[in-house]
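Structures for review follow.
You will see two complexes here that share subunit A, one where it goes with subunit B and one where it goes with subunit C.
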Partner chain A sequence: MSQISETKNEKSSEISRFLSFFKNLGIKIKNGFLKFGNRFKDGSIGTKLSHLIMGSGNLYHKQIAKGLIFLVLQIAFLFIFITSPEVNSTPLGFKSIINFITLGTEEGDIFNPTDNSMLMLLFGVIVFGLIGLFLAAYSSNIKSSYKADLDKRKGKKPTTFKQDIELLLDERFHIAMLTPAIIGILIFTILPTIFMILIAFTNFDSQHPAGQVLFDWVGLKNFADIFSGTGEISVRFGPVLGWTLVWAFFATSTNYIGGILLALLINKKGIKLKKLWRTVFILTIALPQFISLLAMRNLLSEYGPINAMLLELGLTDAPISFLSNAESAWTARITIIVINIWIGVPYTMLMTSGILMNVPTELYEAAQIDGATKKQAFFNITIPYILFVTTPYLITSFIGNITSFNVIYLLTGGGPGVPGYKAGETDLLVTWLYKLTIDESEYNIGSVIAILTFIITASATLISYRRSKSFKEEDAFQ
Partner chain B sequence: MISTSAPANKAVESNLVIGKKAKVPKSVKASRRTSLIVSYILLVVLTIIWLYPILWIFLNSIRVEYNSSNQLIGIVVSHYFPKSIGLENFRRLFTETLFPRWFLNTLMVSSVSFVLSTLLTLSVAYVMSKLKFSARKKFLSIAIILGLFPGFMSMIAIYYILKALQLTQTLFALMLVYSAGAGLGFYVAKGFFDIIPNSLLESARLDGATNSQIFAKIILPLSKPIIIYTALLAFIGPWMDFIFARVILGETNRELHTVAVGLYYMIYGERVDSNVFTMFTAGCVVVAIPIVTLFLSMQRYYIEGVTAGAVKG
Partner chain C sequence: MKKLLLSMALAMVVLFTAAGCGGKAPLTIWVGSESEAFYTAKMEEYKALYLETTGEEFPHEVAVKGVDTGTAASTFLDDTEAGADIFTVAHDNLGRLIAGSSSVAPVQSQALLDQIQNENPASFLEVIKGNVNGTEYTFGIPYVAQSLVLYYNKAFITETEAQTWEGILQAAIDNDKQALSLAGTDGFNNSFILLATEAETGDTSLKLYENGVQENCFGTGDDTIAKLKWGQNFFNHSNGAKAPTDSGWEVELKDKISISFIGGAWHYSAAKAALGDDLGITILPTFTIDATEAYGDAVSGTVYQSGTFADTKAFFMKKGSAYQEYLEDILLFLTSKDVQEESFEQVQNLPAYKNAADEFAAFQEDTLDAQLAAAQVRMFEFGIPQPFGFSSKFNTYYYSKGAPELILEILENPDGDLTTHEAILAQMQNVESLWKTGLQPE
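Then we have the complex of A and B:
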């Protein structure tokens, strides 16, 4: 009874937290505008002018270099935005916003090339990003000028350019350190991710190749197609998702248990040459996976040495098709899971070895005083300690296996195939997504699968992190 | 993470030893010996299983067998040990394929990208661990969310962005792609920096050191293991990855390939010669020797990183 009311309380507090988030957001926005207005009223002429011409406030305060930087930024932005220069014969500027909405109108004929809907979509996203960055620069321009105003009022001199640079190396060192990383992440992670999410809402597929046939927004149609009962995504989504989860479960658990057992074996008291044994297994980690997996694939082929050995030993009458047996998908699936043990166990072993060495000795001492036997100490201290410490690892490794690509792609390529569909029997969501986009140009479906994969991994992470003890106590250790 | 601080790896091999050595009865001694023997047998069997495929690659690379019409047999054969050996496969690899080119390409890409990504990773990790600023929490949660998106999801988009910048099918693009995401892989290094006591930094700050000086003069010298760990992974990455390289470089530009892509297409491309498997394995050996040597010599740092990273989550 009390438990039910507890969960209810938890839920209602979640909801109120959710609501207060929006309330706070509203207050923040309101305050933002108030601040904006106040600064305009209160600021010097330079600050007022900064609202129109960036950098004028800084120039007014004789912060020449800073002012010029802001001014150049504004001119460059407006120049690009208004003139909309063409890159790869697609405009980048205010026209991109129109194109972002229409995704191209020129069907193309002998004289005019077709509008490239894909580039239009991409440039639309880029221009929205540029506007965002420009607004950030705009706001910091006013802030900077207003700060100089305040400094002057207090009788201080406005900071010089040299001082600003020095600040970047100290108080504002985080800005200097993070900027390169953030630029990289913006261009190579965030921009592509947003772009691909948007593609899920278009009909960009093999029938609409970019630059040859226009494609357009289709709303939620691609998502609705999952339930339509026909077509690749609707028929194959369930089975692929099911296998992905089965794979992730077995790949994680076999590696985890195997790794711990192996670590216990190597670290067993009395075993000599521990380092040598460990090195044997580290070899697997050091060897690039494309080498070891492609070797496995050939070792297990019908004319390979393993089949020859099995034939010779009389264990089988005909060569076994380990990885491409079309009659029973489970032959390939089990083979993959077994090979994955070869790949993954050394990694868990290394990690667990490290943890075994770090079990706090006080625990053993206390157990010894209480008269515990070694066996008891092992099962009541060592094992629980390993489990406790590795819970976060278990979660990340489950997520990692959902999105693991190399093992499946290099071993079977998703095969054995399912007639009529691109997704084979051993395809995971990610290898399916790869096939659909890279090989088949079905970008929109691929993108839908990516979004669904993200939803699965994200919710799995959230749920498990919330429940795992070690996460709750994470701060306690810092 | 008090319990897993870095120097602990140097600790005694096993803490499982409990208590002082008491007098052990003979029967216990005997059973302990059998259990040890069983353990050794198990270890030997496992070692054979783990080395079986690796040794096979090596044996194939030196296998030089001819068929009745005096042609080199390059396909997968059913016998494990070669009937005659030689270096013919390596000679062919270096003279008849673009392998030397691929090797240099990969070396170039990984040399540049490992410097860039190490710098990015360490700087983000330091900022996240030791500097307190308003957007810190936000950045952390955004990084976690971004990490959950499947990497290939953005691959196509990256391809088109590079194309718009007219950078596709260049090694420079590959360097950019490998280094650009490094800012998100800061967790392990952050976990390491978290262990460095804040009091150390505070006393330096009292002496008038700026944050940049603290980073260069205190943090970096203390962080040798994690610098090596980060650099090692970043350097090895391009030798191992073939997904991004494949999408960005394409199949047709053979002279631009990295070793992974080049060797993959050697046996699984659109136009493959089925008789090149031994040559492929020779390529694998040439790639594996430096990488494995590098890796094994840096083993200690790798283990430290893995342990810290896993526990940190």
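Then we have the complex of A and C:
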């Protein structure tokens, strides 16, 4: 009973944490607007003017360089926004916001290009990003002027540009260093992610190649197609998702348990040549994974050494297809799980070996004094310690296996095939996504699968990690 | 000071990165990886000719890049702005290249149009044209031809036996081998049965997007069902054809597990490596249906000639290329008869030029290269170009919606439920539906 009520309490506290996040966000936004209003009311004429013309507050306070930088930023932004310069025949600026909504209207002909819906979508996202950056600069311009106001009121001289630079290279050095990294993340991670998510709401597919045929917003149709219709996405999504979860569970658990057992065995007192055994197993890590996988595929192929051996020993009278041509889907699935053990166990073994060597000896000594047997010490100290330290690894490993591409792609290519569909019996969501996008140009469906994969992996990570002792009792083993 | 230096270094990295994004790209030509060196040399020759003709240096930098021609169309369509000004792909990609308002430019130079018209087989002329906004244009400039041929192991199969599948099967039985290996499960590799024609008359009831019409597909004729039944028997015979394995056809040929293989010119090097001096090359064999295979109008004893997709690789021009004014003249040179002949001699590209077999000296030599060329040319008599250039849908419906797997299922009959002619007919009705609509009937 107490366990049930504990679980209920956990759930309600998670929900309240979730709700308080949005509440706090609301408060922050409200406070932001209040501060904005207060600065306008309380600020000097320069600060008031900088609400309209960026940098005027700084110029008013004789911070010429800073003021000019803000002014140039505003002029540059307005210039791009109003003139909407074209890149690859597609406009940026305010026109890209209109294009973002329409995704193009101009159907070209043999001599004139069709509006490039893909670039319009992309430029729309970029311009929204630029607007966000401009608003940040705009806010910074007002804050900077208001700070100069306050400095003056306190009898201090407003900081010069040189002082600002010095500050940036000293106290605020972290900002100088992090800014390019943040810009990089914005350009190379956030922007493509948003772009990819938006594609899921369009009909950008093989029948709508960018720059040749216009594509359009279709709302949630692509998501709805998973649950209805007779297309590949509706028929094969369930089986592929099911196998992805089964694969992730077995690939993770077999490697984890196998690795721990191997580490315990190698670290057992009395085992000789421990370093040699560790080295032998680490050799599989030293080899590039794709070479190991291709070697395994050749070993297990119909006319490879393993089949030759089975035939020689009379255990079978015809070659067995273990991988992409296997008669049963489960033959291929079990084979790749077994191969994955060989590939993955050394990683867990290596990590667990390190953990085992660092279990505080005082714990064992105390247990010994209390009269604990070796078995009790193992189950009450060693195992909980390993589980505590390796839970985050276990979770990341599970997530990694959901998106594991190499093993499936190189061993079976998703096969055995399912007549009538691209997704084979061993395809994971991620390999199916690859086939749909790279081979078939079905970008919208690929994007839907990517979003769903993200939701599954993110949920699994958050839920399992927040429920783990590693999270709840962070300081327990320190 | 350290911090200042670090900041400056960071700023320079950002600046160099930004600078790297600019600059005008050279006139770029994508060719097959195996031909990169050849066409690079040819472009140097072209520049020399340009200087000779105009008295001026060719005004732009030219970059010839070797690419995987199988995926070049997809790569081009993924980002046409970054795509080559001239690129080569198989003609069946035309449909998606010209979808909507087209991403490739039509040929407008009369000299080039004349060269295309006068120097290519009639079957090629039909598949390099496409309709955009109601007007038909010529888009592709053929320069390479390709068809499937039979590679066989001369140690087990005589020249006479290689003429019929029955002969090859008997050789396989006598030597306890498999008669045939295939390279893949797709609709290209098993097309030799589907595209087979009656040997005496050349007739077939099979229709694949005839005249470029989506509904003009017919794969349920009596002869098609009988041919597939023959194929089923051939694949299910213990010494018959075998479906592709993880070991690969090269291993199967090399280890003498199978004694023949259907492939294109692109398989030649691997086949030669596998069989060495035992490699024989000939046209695809005939087969005769027996009483158990006969169905309706396709009577027992009818002989069928195995068929093939007989395709051309063509050059295409990017629409809106900054170098448009130079492209057609370059192509006039690169696809000329002389360059095609040199291309055959140096990199074994089978010429698209229609009289190559009679006029090119290298065809007359008694070499494997010449045998391969001759076999491919002969297979053009029993082949049709892949009829997928009319619309981007055709290629997708034929290859990507599962029809090849359904045909392979008939041939392999893994569960034994496709044994009867009626079951084969029912399965082919599904295939026909996929060809026409991309969907299986509900």
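Going forward, the second predicted complex is superposed on the first by the 439 of 478 C-alpha atoms of A that agree within 3 Å, B and C clash if a C-alpha of one lies under 4 Å from a C-alpha of the other, contacts with A are read in each partner's own complex, and residues count from 1 in each chain.
In this section, a residue touches a chain if its C-beta (ideal position, glycine included) is under 8 Å from a C-beta of that chain, and two chains touch if they have at least 3 such contacts.
The structure displayed is predicted, hence computed values, not measured ones.
Undergrad: Tell me the contact category for A:V418 with respect to subunit B and subunit C: first, second, both or neither.
TA: After superposing on A, A:V418 lies in contact with subunit C but is clear of subunit B.
Undergrad: Is A:Y303 touching anything from subunit B or subunit C once the two structures are fitted on A? First, second, both or neither.
TA: Both partners, subunit B and subunit C.
Undergrad: Just subunit B (first), just subunit C (second), both, or neither: which does A:P180 touch?
TA: The answer is both, since A:P180 touches subunit B and subunit C.
Undergrad: Return first, second, both or neither, reflecting whether A:S206 touches subunit B, subunit C, both chains, or no partner chain.
TA: After superposition on chain A, A:S206 lies in contact with subunit C alone.
Undergrad: Looking at the overlay, does A:I291 come into contact with subunit B only (first), subunit C only (second), both, or neither?
TA: In the superposed model, A:I291 contacts subunit B only, not subunit C.
Undergrad: Of subunit B and subunit C, which one contacts the greater number of residues in subunit A?
TA: B
Undergrad: Report for A:L313: first if it touches subunit B alone, second if subunit C alone, otherwise both or neither.
TA: Neither partner.
Undergrad: Classify the contacts of A:L52 with the two partner chains as first (subunit B alone), second (subunit C alone), both, or neither.
TA: A:L52 contacts neither subunit B nor subunit C.
Undergrad: Applying the touch criterion given at the start, work out whether A:W277 contacts subunit B, subunit C, both or neither, answering first, second, both or neither.
TA: After superposition on chain A, A:W277 lies in contact with subunit B alone.
Undergrad: Answer with first, second, both or neither: which of subunit B and subunit C does A:N88 touch in the superposed model?
TA: Both partners, subunit B and subunit C.
Undergrad: What residues on subunit A does subunit C touch that subunit B touches too?
TA: In subunit A, residues 88, 169-170, 173, 176-177, 180, 298, 301, 303-304, 438 are touched by subunit B and also by subunit C.
Undergrad: Applying the document's contact rule, which stretches of subunit A touch subunit B when the two form their complex?
TA: Interface residues on the subunit A side: 87-88, 118-119, 122-123, 166, 169-171, 173-174, 176-178, 180-182, 184-185, 187-193, 195-196, 262, 265-271, 274, 277, 279-292, 294-296, 298-299, 301, 303-305, 307-309, 342, 346-347, 350-351, 353-361, 364, 367-368, 374, 377-378, 382, 389-390, 392-393, 395-396, 399, 403, 405-406, 409, 429-430, 433-434, 437-438, 443, 446-447, 450, 453-454, 457-458, 461, 470-471, 474, 477-478.
Undergrad: Which subunit B residues qualify as touching subunit A in the complex?
TA: 1-4, 8-9, 11-19, 32, 36, 39-40, 42-43, 46-47, 49-54, 56-57, 76-80, 119-120, 123-124, 126-127, 131, 133, 136, 139, 144-146, 148-158, 160-161, 163-164, 176-177, 179-184, 194, 210-213, 215, 236, 239-240, 242-243, 247, 260, 263-264, 267-268, 277, 280-281, 284, 287-288, 291-292, 295-296, 299, 302-304, 306-307, 310-313
Undergrad: Which residues of subunit A touch subunit C once you look at their complex with the stated criterion?
TA: 88-89, 107-114, 169-170, 173, 176-177, 180, 206-214, 230-231, 297-298, 300-304, 319, 321-325, 327, 417-422, 438-441
Undergrad: Which residues of subunit C touch subunit A once you look at their complex with the stated criterion?
TA: 3-4, 6-7, 10, 13-14, 74, 77-78, 80-81, 96, 98-103, 105-106, 132-133, 135, 137, 185, 243-248, 251-252, 255, 257, 319-320, 392-393, 396, 400-402, 405-406, 408-409, 414, 430, 434, 439-440, 442
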